[in-house]
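Next, two complexes with subunit A in common: one pairs it with subunit B, the other with subunit C.
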Partner chain A sequence: MGRLPGIRGYPVAIHRTTKGGTMNPRTFPLLATIAIFLMAYAICSAQYPTIFSTRVAGNLLTDNAYLGITAVGMTLVILSGGIDLSVGSVIAFSGVFIAVMLRDTGLHPLIIFALLLLVTTAFGAAMGGLIDILAMPPFIVTLAGMFLARGVAYMLTIDSVPISHDFYTYLQKAYYLMPGKGRLTFIGVLMLLTVLVGMIVAHRTRFGASVFALGGGVATARLMGVRVRRTTVQIYAFSGFMSGLAGIVFSIYTGSGYPLAAVGTELTAIAAVVIGGTLLAGGAGYMFGTLIGVLTMGLIQTYIVFDGSLSSWWTKIVIGVLLLSFILLQKGLVHLSTRRQGVRT
Partner chain B sequence: MKRALRRVAPQLMTLIVLAALVSWFFPSFLQIDLSDGRLVGPVIDIVKRGAPVAILAVGMTLVVATGGIDLSVGTVMAITGAVAASALVSGWGVPVALLLACGAGLTAGVWNGALVAVLGIQPIVATLILMTAGRGIAQLITEGRILTFSDTGFAFLGSGSLMGIPVPALLWVLTGVLVALLMRRTALGLLVESVGINQRASALAGVNARGLIIVVYMASGLCAALAGIIATADIRGADANNAGLWLELDAILAVVIGGNSLLGGRFSIAASVLGAMIIQTIDTGILLAGFPSEYNLVIKAVLVLAILMIQSPHLASEWALIRMQIARRRAARGQEG
Partner chain C sequence: MLAPRFLTDIPNETGPLGRWQAGHDMLLTIRSLTKSFPGTKALDGVDFDLAAGEVHALLGENGAGKSTLIKCLTGAYRRDAGEMRLEGRAISPSSTSEAQELGIGTVYQEVNLLPNLTVAQNLTFGREPRRFGLVNGRLQKLQAQEMVQGYGLNIDVGRDLSTYSVAIQQIIAIARAVALSGKVLILDEPTASLDAAEVRMLFDVVRGLRDRGLGIVFVSHFLDQVFDLTDRLTVLRNGQHVVTERTTDVDRLQLIHHMLGRDLETVETPGHTEAGDVVQRPEMLRFSGIGRAGVVDPFDLTVHKGEVIGLAGLLGSGRTESAELLFGLRRAQTGEARDANGPVAIDTPQAAIAAGFGFAPEDRKTDGIVADLSVRENIILALQAKRGWARPLPRAEQDRLAADYIKRLDIRTPDAEKAIGDLSGGNQQKVVLARWLAMNPRFLILDEPTRGIDVGAHAEILKLIDRLTEDGMAVLVISSELDELVVAADRIIVVRDRRHVTELTGAAVTTDTIMQAIAAEDTPPLREGVL
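Let's turn to the complex of A and B:
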């Protein structure tokens, strides 16, 4: 459990795209993201040496576990050229669902988890189906889904419901003590495993290839033999599953269910995906980049906490600036690569 | 005139059905009284409280008509509110506060427009940047506090009334009418639609597509500034965290309920504004009808889905087929009679 599966999986994504010897300009955003993250970490460590410790690294993983898992689902959706605004609400719904079920029934948390994942996956699949059948923009359909999920969470309860169960205490206390007393918690590891699964799904399966094809263009994908409706349903079902999983992690992290929780997570997740080097137009990107995007955003927050004198709103401004610079970087790279192609022909 | 009425007929019908539905649960829904020289009643309340979303919807309609989207309007409301409030607190007077707020809204619009039109960034992402960073900027302006002021002249814009009608209601009607006239009495509306349908083709045909897109985002920024002024004036304070929170979603929803395609092209400002009133009627109606407010979001989601299904391009073609068949059958029956 001590190894980082995310790093082990990283060459998988690279090898595939650098096939043929020459550097693929599409990997530049990913490499830039990794470089910026390492640089930022180095600068932060230079200023506050304690940031370069397994304790902070462990907390970085734990604190951003739910965001990372959400972002894995979001990456797949964005790769397909869509967007899922419902994830934050689904996280809130999940927390409330678990808390209320634990309070009112004698079911074991694991059974409740299974039920919940079934519900959120079906919810995602329904949204995907509507998007394809109605031929409506994903933006608006998932916006309705966002209202619906949070609305159902409100209907279950309007209060914050505490979760007290032996199994939960066990999960909260489960960690691997890294050298330097850093805690690699269960939810941190779960997030890394999810990223690994996401990388395999996106870059190594037929489904993943269909997703990339859809992101490149629906008409071309259809001509290539992609079953558009089935893939769309699967994409949003995947995102729904991931939001449900993120909801479980969030409930372990906070130890309660609250219908107002995780407001705005969808936008943070989208920002993490973009910072991670995935093209928002779809069709190009890396699951591993998303992990780096999430960690970069977490690092900014950690730095602000360490500094103490900076106000929290600087987080928002810095994330905005990061977003802009990554988008500009992508734009520049796309521009360069198309021009180079133009010269060649 | 007749064509314009036909365009907004679905929205008007929805409003009437909603009003009937709410009246059924809350019989005095349509009742309007005069007290202290002001009109009071649930309908007046809806018209007043729907003002920010209605004004945002006017600007959003133009942006959506060019095939764009503006996610930053809620945040721009917070920024402009903060600018206006800090100007008032510094004692610069109402006109300066209004000018600065409108200037901030226009600046935000130029920023968004430049990202979209000059750099060619997707509208969702381009405006997402300001949406995330903007609240930080608003908090910088208010220094993290809720700035309160007691200027009655400025507060008049949010809570005053003119000839018994609340000022915010007058403001959104005025904005809607002015923008609609500007779009329809000049070629501007046509040009906006042409850019929305095919930007490259319009540019080749001599339309200044780039300039037009920037202007459209500026209009949206200005509308957001106006909405921000109203929201700030209403509570006599600027709250950088909560002012205009999630209103961009309501505004986009209003545009979609108004039957405007998110892909751009033909638009109707009247329909969007009616869409905003539909949303406000749902919000207020659920409360008046005595449902717990927890149901608000679920009912809203179901209504949105229902409206989406009715407007879906796939279903629309089938709907047209059914209508044609009915018309044919009717014609056949008419011949028999």
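Let's turn to the complex of A and C:
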């Protein structure tokens, strides 16, 4: 008889009766992510010592703030075994929505932010509802959402709309000067806060436990009392909220709204989540890993800028290689642990 | 006269059920439970009682109604009629969680916990201790530790569930079910993937719970375990209650009679072939030492032209697994197949098909038919697969084949383009047969060919099998219906505990001898070389 229950490729490890001992294999991908990031940082710093400075660190956070926030939402979705392809388009829609509203109405940006977050959260919730009610694959539903959001952005404007508002200028200039003249910007801090919120939601709430449960297997989760529909709606609503927030950050970062912005961000976010050690099939991963994943990708970009002679396409190539090695690492872990399991039988 | 107080504690030996005879103090009583599905009556007026502090086995072959009964009890199905009472109160749970709240917990063969969460998360899922709205991890572990106490587990509840063996996961699942429900515990084939030591460990836990006063329903097809663990047993057959008795009052042979539904007195007529006929037929295939560790012990099988071989045994005895080894669905670790021309590869189904084998699986609905495709498409499926998709079978040829087999096998369908899912079970089975006949196989394996087919169609399928062999095709039939095997087969091989134990030929082929072989305690494995 085969040994149960390697549900959906989740690593099954050895039988133990002793307490403590070796590490939980679940943490391996996270530890690998952190190790790779530290190693990459060390190598980059060795070659360009200025990379090891608060300036670069501050920029790393600022430049990747919108991606980090998007990836927090994406992590939760992927942990539940789903996928959200609409996030890039929602970011573009958000920028356009803010720019057009600021241009055409006299509303304060904060009110517009609130309106926007309401819209994107509802949008996510609607996608989650469709996924559950129609029992449709998340891939298809959010793909439709991706086209829809991008289309609506185009409906609002086809041009890049600049944002000029005193409040925006204030947000753009808000920073804390770290020792070493590095700037910890408002959006950088916001991103870190978002990750913190994400960590709490995913690892410290009943909702988070339900998300992991769905990723472990919907039928089992239902048997254990997870309210599948409500949880699914909440997951995609969370992702919608985070994409809206990322859109706000992106508009602060670029100072404009453009319907063609953030094309492909959904895939970059998925890559960050996977490099961050989350199992693409769902059910295992850490929110903190996603932050490291985002920073690793940002670091590669920074290195290429520092080098100056390398084409920016190298970023894509390195990310591709990283992604592949992480998938192989996870497969390897599954293989290793099932083999050890097999020895026991 | 006042009876001494202690006398009331003595079991009432007057009835066959002893102290469990009285109905009023039962923990759970089920009366006239009925549940129908389109085409079948899964439960037909079934009665069932469960006392506090007993382990009660629920037995029956596939389709007997065991799982339907359990599903009604756990709220997965709504019953059509009948009554269920828990501690005297009428209940009708509409979901698993409602059943849980009432006090009925279930543990399934495939552990229904989440392998990707920690043991503590699994145990406290949905009831995590919280502080300021956030899960309190420390308290969660403490509570979990408390829940597994008394189960003899020395485990770290902070680790992922998947890091522990299935037996431990099973016990953790029981701990969760008991903590959540606490009155009735249903164990549905809990030992199917455990080894002997693990089974003992699990049984110790179950006995402990029984002594704490839980009512435990134990579903298993391992009779040794039933005799080892349970206090009473109830047998269902074809959706009906057959018998409820104390386990100690039943012997193995009787029990098998109850399950398979034959009386000891009934002596069937021998098989349709005369003794000795078999050996006169030319040998076609010889399998020697085919086996796989943990699946079926190595066995030999010689197949002659035009014979029907029956494979008998209880559910889970290894009969289906034997067929799967022969057809390459499971790869045999040992042994080889030969025919007159030399070795025959049976490593994969493709190889087996190329060697002229056919296999109609047990679960027709999921493995046998493609419900949305037409009768014609289902018939040509295997033939087309063999040709390769680049060379489609001409439509005229398809139509001819379909029309031919609809006529030959008397498949009742308005036309060849009807979706097969709309046909009755018997006709679906005929289409599956037609699919393999179109391949012109020399060796056809039929796993439960009459399962889920109405009685009239049974005889037809049997007649069909008989006709097929006239042209020299050999057929291996697996069936729980012993009298069908007796009628259809020239030889019967009995499988027990994953071993081929006996071969019956000619006049020895009766339901009686088969049942005795199934019930026998210990026989050396059947290897032709040894005999």
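Just so we're on the same page, the second predicted complex is superposed on the first by the 318 of 345 C-alpha atoms of A that agree within 3 Å, B and C clash if a C-alpha of one lies under 4 Å from a C-alpha of the other, contacts with A are read in each partner's own complex, and residues count from 1 in each chain.
Note that contacts are C-beta pairs under 8 Å (C-beta built on N, C-alpha and C of every residue); 3 or more make two chains touch, one makes a residue touch a chain.
Everything numeric in this text was worked out from a predicted model, so none of it was measured.
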Partner chain(s) touched by A:108 [first = subunit B, second = subunit C, both, neither]: neither
Which superposed partner A:136 touches (first subunit B, second subunit C, both, neither): first
Touched partner set for A:270, first subunit B, second subunit C, both or neither: first
Partner chain in contact with A:284 - subunit B first, subunit C second, else both or neither: second
Which superposed partner A:213 touches (first subunit B, second subunit C, both, neither): second
Partner chain(s) touched by A:225 [first = subunit B, second = subunit C, both, neither]: second
Touched partner set for A:173, first subunit B, second subunit C, both or neither: neither
Contact residues of subunit A, present in both the subunit B and the subunit C interface: none
Residue ranges of subunit A in contact with subunit C within the complex: 1-7, 10-20, 24-26, 200, 204-206, 208-209, 212-213, 215-217, 220-221, 223-226, 283-284, 344-345
Partner subunit A, residues of subunit C touching it in the complex: 96-97, 100, 110-117, 121-122, 125-126, 128, 130, 133-135, 137, 154-156, 159-160, 162-166, 168-169, 192-193, 195, 294-295
Partner subunit B, residues of subunit A touching it in the complex: 83, 130, 133-137, 139-141, 143-148, 150-152, 154-155, 158, 267, 270-271, 274, 280-281, 311, 313-317, 319-321, 323-324, 327-328, 331
Touching residues (chain side subunit B, partner subunit A) in the complex: 69, 119-122, 124-126, 128-137, 139-140, 144, 240, 249, 252-253, 256, 262-263, 293-302, 304-305, 308-309, 312-315
